[in-house]
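Structures for review follow.
Both complexes shown next keep subunit A, but they swap its partner, so subunit B is in the first and subunit C is in the second.
Moving on to the complex of A and B:
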């Protein structure tokens, strides 16, 4: 039987592949290609921005991994990012719990959700700048401390410390933690808690064994969102963290000096650490269970 | 045998408008199989939730094995609940679902393993330990739910509408299984249903509820044969109802004046009904289509207008002179439409009811005509 070779036949036979072609092109072009180029550059000698296959080397990794500062920066970056993620969780979980279980009116739930989203209409930089008026030398906190007589002179250290960074990270990321947890919690059937209690579970044990366990996939998703977006962040630390050095900032500063291969090596290190942590997280919880049944 | 459960004048309000339980009182013997039956919204689920301890009540008290449950949280009560939609923990395998109650009681894992195996065997789900709830059929989920409840050996097992989500064939089998299981375990079971057939066939003690009150408590036979209220008469089985008033009363035997003339019937209570408005009822299966030799306390001439085939029985619809319809259920026989026959029944099958319902504010006429 002769094969149909018309264009129409070709199109209809391969329609599925053709339909995923545009997003595939975009994904390769804008996500995969830069990552691969960074990976390649990190194994390249010299300072050029183009990859030269004749000059492969492990020099860059050797250089960054033998510097003691790398480990200090890595420790601070991981520490701050994990702490911020954990603190975000501590803020987001009670709010999501309240929304999912205590606000029974569905419309009120929507209104509260809507109010929570409003601050996200402005750019994060504007949102974070608003902290100046709260934590600044003439900000609200200093004003209160002064008028209560708790301090004689305004405290300058409220801004530009690692704690400022922490607060701003929590504020700019809290919804990315809140919504996945809320989604998971709102799918928890309250009847499960009734059954758990009738079977002898105290409120705290039924919370842990049922509510929290069922919310865990949402917690993990939120954890990933916040962790990934803080660990690679270099703008917020540059603006608010005082002199605290972060891995993202290191990458940026080498790129600023056109030291592309070293910058790339730091970038690869950052990527490797992030992926390792996410791998561990995914081993702990089956993410598919967020959408169980 | 002691009392497993005592409910005393229980009152439950939802907000200020909705009265869900209005001074509900009843006792349950140890080892009884109780079915609470009533239309949806009658308060039976609320009652179950109060007994479980997941819902506080306003007045009255509940005693489990003679201990007051006032202020006792659910996890300290000797009960287990099987809710309507089974409520299996979706994040736990079958084994962990069934083991939940024992783990909360901090039993040893070796002991738990043995008991879970036994419980799953009892409900016929051996080898299902590793399955997830999402991988089970509706019937299997229900059996896991039962295993999870019986494993803690509760004084009282509460089952909320356990048959409403399984198909008809399975319902019959489940009813048998429930009774066998209860007999084997020997503890007290209380279940609710809105399907009268389930209540009648399963219950050792039947509790009929309507609008926040208990209508009647008794065996299936007592309630079917001697309903105390019009509500019960209509909810449990089918009945022909006629308005009337009592002409004379001699203890339980009454003569009633109705639109069908004077009829004799039996009154299960002991109030004086003379000159009172009552409802006269007779079950379709108690009326006979008379042959010449028969003799009955009540006889009525009526025209056969139609019939419905129900398998072993046929429901005949008769029309009397005063345009009152009478349903008669009998074995199939040849009767002609349009011909007039004589119908008869005895005084013991004429149910005289002086109350439309135990709920307040319902008129006897309201409940006979319409609704």
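Moving on to the complex of A and C:
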């Protein structure tokens, strides 16, 4: 390419910086700035809604970290989130594998993925309500159990327990797990498996070393999506597993009472925990290498 | 092995479509209950019914609910219209090496890593600091954009054809300027990704509740409406009617968009 010394040349060589400007500006304005706001506000005390730089204090954090309930909530939140993420993975992985490797017709792959997207157009709260019809006392599951004679009375414990929460979370998030894994797997050349086996590997070894390792970036991305989606969710647990207090709900409760500094402090805790897990996940595999070489 | 996986996939698909099928079927229930069995079918929840106490409206007659639906869809379409070019530009620029490339990628990814409450609360604080007192439907828009762009980005990046840059360079060496290269080479090649990015961002925006509920006011979107109703009212088939309607509208809208985008891109290139 000829080296132009004109403005046009400068622009065409550095056009990429111009290209990234809009997304960058939007990201900084509407994502970094709010997060920083929360961070700053957590150092204020009281019931203010804007940041007062003249009155900085660590009081909020001190109060939070000395409360035993904080640790119970933290344990519950992390536990349920990680469990939900792992279970979503167990559900989604076989489907992704099937779609990527065993469905030959590319069109059919698209059709099946499209079928999985359709439920998402029904708002998730409405979808969750439909689970009442399935798991409720007069619901389908109980109806089947009763008519098959497996139980005498309808099981009421299917609803509003931790398991309900898990089921609803899995249902809401399986697509987020499925898509990245499917995309990662579809990049794997199936001939690599044959190569591995012709070099003497057993099917399970070749599965682990070839397929799984190549799918790992997709798995990690899926983990990230689902984990973040569940850990910040304050609506689903409060509606469907009332006894369980999650960190997000704590933040929201204080925010509702306009105690924004304390809410922000809890928010910072939530952010710290989320970031820690994400950092661990990102260490497992080099994400950016996957998406752009 | 293949049949085993196939059966498993079919079961998973069934379990996933089950709520939707139930929702669609139960929306025609003549009675109040949301559990099977259905004794009578009717369009009551859609078109309402005249009774002794006056006309009780279904969702198609209720101007409030219609406004909620149109809010959601306008917000979703706007989000998708803004987010899709952002996603495309970001994905295309990430192919080239430049200073701060990794930092750029991580910053964009932050959009979904940051928990929604923090985004929502932070936006609230920010708005109040700037002096925005009144919230509306559109004060949520930036949050939706920032939330959907990372998803779209990952989706688009994963499907990029590595050969693409060769074609672009070939065009450049033949004398095409950047605009021509983009419209005649790049855009047709990423057509499918742009469409799926649009669909995905639209879908994500439709279902977004956690961030929106912090900075929204007025009639609201479908998720905020349903969430508010759920805390005060027992579920009725009316909501299922709402869900069914949303699905149909989304489906139709996306078909239109996909058709429009494919034709538009074809026009630029031929």
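As a working rule, the second predicted complex is superposed on the first by the 261 of 293 C-alpha atoms of A that agree within 3 Å, B and C clash if a C-alpha of one lies under 4 Å from a C-alpha of the other, contacts with A are read in each partner's own complex, and residues count from 1 in each chain.
In this section, a residue touches a chain if its C-beta (ideal position, glycine included) is under 8 Å from a C-beta of that chain, and two chains touch if they have at least 3 such contacts.
Fair warning: this is a prediction, and the values are worked out from it, not measured in the lab.
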- First (subunit B), second (subunit C), both or neither: which does A:169 touch? neither
- State whether A:223 touches subunit B only (first), subunit C only (second), both chains, or neither. neither
- Message: Applying the document's definition of touch, where does A:205 land relative to subunit B and subunit C: first, second, both, or neither?
- Response: first
- Task: Applying the touch criterion given at the start, work out whether A:93 contacts subunit B, subunit C, both or neither, answering first, second, both or neither.
- Result: neither
- Query: Touching A:189 in the superposition: subunit B (first), subunit C (second), both, neither?
  - Reply: first
- Does subunit B (first) or subunit C (second) touch A:43, or do both, or does neither? neither
- Task: Figure out whether A:234 sits in contact with subunit B (first) or subunit C (second), or with both, or with neither.
- Result: second
- Is A:214 touching the first partner subunit B, the second partner subunit C, both, or neither of them? first
- With both structures superposed, pick whichever of subunit B and subunit C touches the larger number of subunit A residues. C
- subunit A residues contacted in one complex by subunit B, in the other by subunit C: 292-293
- Sites on subunit A touched by subunit B in the complex: 189, 191-192, 194-203, 205-206, 209-210, 213-214, 289, 292-293
- Residues of subunit B touching subunit A in their complex? 49, 52-54, 73-75, 77, 79-85, 87, 89-91, 100-101, 104-105, 134, 148-149, 152, 158
- Note on the structure: Counting only contacts in the complex, subunit C reaches subunit A at residues 2, 5-6, 8-9, 12-13, 15-20, 22-23, 26, 33-36, 86, 89-90, 92-96, 98, 101-102, 104-105, 107-108, 110-119, 121-126, 128-129, 142-143, 145-146, 149, 151, 154-155, 157-159, 162, 172-173, 178, 199, 203, 206-207, 209-210, 214, 222-223, 226-227, 230, 235, 239-240, 242-244, 246-247, 250-251
- Query: Any idea which subunit A residues touch subunit C in the complex?
  - Reply: 1, 12, 15-17, 19-20, 22-24, 26-38, 41, 49-51, 91, 94-95, 97-99, 102, 112, 115-127, 129-134, 136, 138-140, 143, 171, 174, 179-180, 183-184, 187, 218, 221, 224-225, 228, 231-235, 239, 248, 251-252, 255, 260, 263-264, 267, 270-271, 274-275, 278, 288, 290-293
